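Mind having a look at this structure? Questions to follow.
Per-chain numbering from 1; labels A, B, C, D, E and F assigned in written order.
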Amino acid sequence: MSETKKFLYVNRKAPYGTIYALESLEVVLIGAAFEQDVSLAFLDDGVFQLTRGQDTAGIGIKNFSNTFRALGDYDVTKLFVERESLDERGLTEADLQAITYEDENDDWAEKPSIRVVSRAEMADIMASQDVVLSF
Amino acid sequence: MSETKKFLYVNRKAPYGTIYALESLEVVLIGAAFEQDVSLAFLDDGVFQLTRGQDTAGIGIKNFSNTFRALGDYDVTKLFVERESLDERGLTEADLQAITYEDENDDWAEKPSIRVVSRAEMADIMASQDVVLSF
Amino acid sequence: MKIGVVVSEGPYTHQAADTAYHFVKAALDNGHEVPRVFFYHDGVNVSTRLSVPPQDERHIQNNWTALAKDKGIDLVVCIAAAQRRGLLDENEAKRQGKDASNIAEGFRISGLGQLIEMGIQTDRLVMFGD
Amino acid sequence: MKIGVVVSEGPYTHQAADTAYHFVKAALDNGHEVPRVFFYHDGVNVSTRLSVPPQDERHIQNNWTALAKDKGIDLVVCIAAAQRRGLLDENEAKRQGKDASNIAEGFRISGLGQLIEMGIQTDRLVMFGD
Amino acid sequence: MSTLHTVNKSPFGNGALQSCLKHCKPGDAVLLIEDGVYGAIAGSALAAEVRAGLSDVALYVLEGDVKARGIDAGKILGEVKSVGYGGFVDLVTSHDRTQAWL
Amino acid sequence: MSTLHTVNKSPFGNGALQSCLKHCKPGDAVLLIEDGVYGAIAGSALAAEVRAGLSDVALYVLEGDVKARGIDAGKILGEVKSVGYGGFVDLVTSHDRTQAWL
């Protein structure tokens, strides 16, 4: 398959209460092997997936939040987070995990994968995709 | 079982999009045989369950709205519908099916089963129950 | 006190079956009785014995089976909800002409009357769903 | 056009599997191709062959099996999602040491790569879920 | 380059339609399916908000879902177009991508 | 005679918490569990509305669900009390009935 398409994974649901966040991440990890142009969008309750300090010991469910930090190793480096969604939920970028990747085109400099964007920018990102998968 | 308890079935979801409305009704029908003091509450999207003129031929799902009209035969005669929920959805009582029962204590006079109540009255109804089942 | 519990959503997809499990364990630890847990709607999917979750995840169905065995809880799966969704015990499979069954040990299939009866016979009823 | 379809919720509980079915039929009637339908999340529950809905209700799984046979559609069930939820074909059942399988004719179990591949190889992708 | 958005939940209990409308671009279309069709009711507390979100965005409902729910055609917002499953397919093929607001 | 209400959904995408608060009576308690715990975040766009709904109503959160979601204790509304599963059981038995806002 030589064709490269722009894939967007849209995450609008919180983690743990339902499985969508985890199973979305499983698609992203498998999808990385296909060498498409991948972006992740976090908006509405989806922004809760990225909070730092998640500790699931008390609910007996596996904590998968560390996996987001491994995405850079899979060349998944574009995680767009909607600012308005953060604001409404009383969150700032400081409440999110630091997620980084090493830029092979810039002497492997460590760069942030999370990019906080406005709602208008998020709409533009959505409108520029070939395939949109919603979770 | 000689004890009689007040059972309230709370319906807050629309029909057909999900199965909760249908499976709630199945509980009500089975529950009728236990001769408890049964009430049904319809609020939020649950009020959509009672609209008249439902025709499911186009979606290939069984239309169960007629079953509400049979509830009187099972001595289920108290269907409380919240006025504020109707208002928010642009509905009036005229948009709902007529559902009646024959009152054995009043020479089998036909009486309406649906009682439109205010949100405050609905809260009072909820607070007077022994068992609340939510669908 | 006697506490009845209803689980209305399927395993893994919703947290309901997990929260209910931890709630029941705590109720028993606090000296209360939980005579029955009733599985309704997609909750019937908790009762499958064919589930194979990843090794590092909790095994929801096995947890319920073990708890029921250990504490003598009656795990009732609604027959009407189960039939729609493809959960059958051996008797049902035979009766319906199906070549397999999938209900786990500790769960039994019965009617909705068991839910009403639980509501009548317990002091409190707690529902976990979506 | 080639249209790929994803079903993300289980049968009867959500309308997704019904809407997807009517959509796929209409797409084929309009001269489009639907090479594959991918079942993910609770959508894997559509693939059970043990479902016994009431006689006066539609049989969602049988409808899909018949449509796939009639039109040559590849119905793929995600293996990871299926294992968690207790949907196994004969091979998987053997491999996992389970005494029964429950996948219906016309469905095949495979990996998430089939979803990505569908996204790459089709002109449009439509998701039905909750 | 335009998008077909699908919304399948009632906007009275769930925020999907509102979020969808805030992310539409001019030329996009929104198709209400399943419980989403309740979003097209005129005279509801949300009708004005829905209407305001429709500048340069076309709103469609799936006819079978409207009829199933007993919503009278006269109760639907004037700007809404009704389509069958075939019309749904046409909307999918006539837009560049489909985004489901699940 | 009082009621324990449970809410398990985020109030940002779903109306359950808002509807629950509108149906509470003085002396009732609301316990936020699972994704419902997001309703206890201070500084959110809904915090004022939640607070306003709490006259004579006690608000609790399930501790395990708060920690799982990485919500810092300092970010929780001041009037909220935190309980474990055992505390959940105590709330059930100390109120006359439990109503789940599913």
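Just so it is clear, a residue touches a chain if its C-beta (ideal position, glycine included) is under 8 Å from a C-beta of that chain, and two chains touch if they have at least 3 such contacts.
Bear in mind that the values here come from a model prediction, so they are computed numbers and not experimental data.
The chains in contact with chain B as well as with chain F are C, E. Counting only chains that touch, the fewest steps needed to get from chain A to chain C is 1. When you average the Cα atoms of each chain and compare centres, the chain farthest from chain C turns out to be E. When the C-beta contacts at A-D and at B-E are tallied, the pair with the greater total is B-E. At the chain E-chain F interface, residue numbers used by both copies make up over half of all numbers present, so the two copies contact each other through mostly the same positions. Of all chains, the one whose mean C-alpha position sits at the greatest distance from that of chain F is D. Centre-to-centre, using mean CA coordinates, chain A is 27 Å away from chain E.
Each chain gets a centre from the mean of its Cα atoms; for chain B and chain D, those two points are 35 Å apart. Centre-to-centre, using mean CA coordinates, chain E is 33 Å away from chain F. Contact with two or more other chains is made by residues 12-13, 15, 19, 22, 41, 57, 80, 125, 127, 129-130 of chain C.
In chain A, the residues touching two or more other chains are 12, 16-19, 44, 59, 61, 131-132, 134.
Chain contacts: chain E has residues 8-9, 12-13, 15-16, 34-35, 64, 84, 97-98, 100, 102 touching two or more partner chains. Shown are all chain pairs that touch, namely A-C, A-D, A-E, A-F, B-C, B-D, B-E, B-F, C-D, C-F, D-E, E-F. Interface residues of chain E, counted against chain A in their complex, comprise 1-3, 15-16, 19, 22-25, 28, 97-102.
By the touch rule above, chain A contacts chain D in their complex via residues 1, 3, 5, 7, 19-20, 23, 26-27, 30-31, 33-34, 36, 131-134.
Per the touch definition, chain F reaches chain E in the complex via residues 12-16.
Contact residues of chain C toward chain B in the complex are 6, 40-41, 80-81, 111-113, 115-117, 119-121, 125, 127, 129.
Taken together, the chain C residues at the contact with chain F in this complex read 1, 3, 8, 15-16, 19, 22-23, 25-27, 29-30, 32, 123-130.
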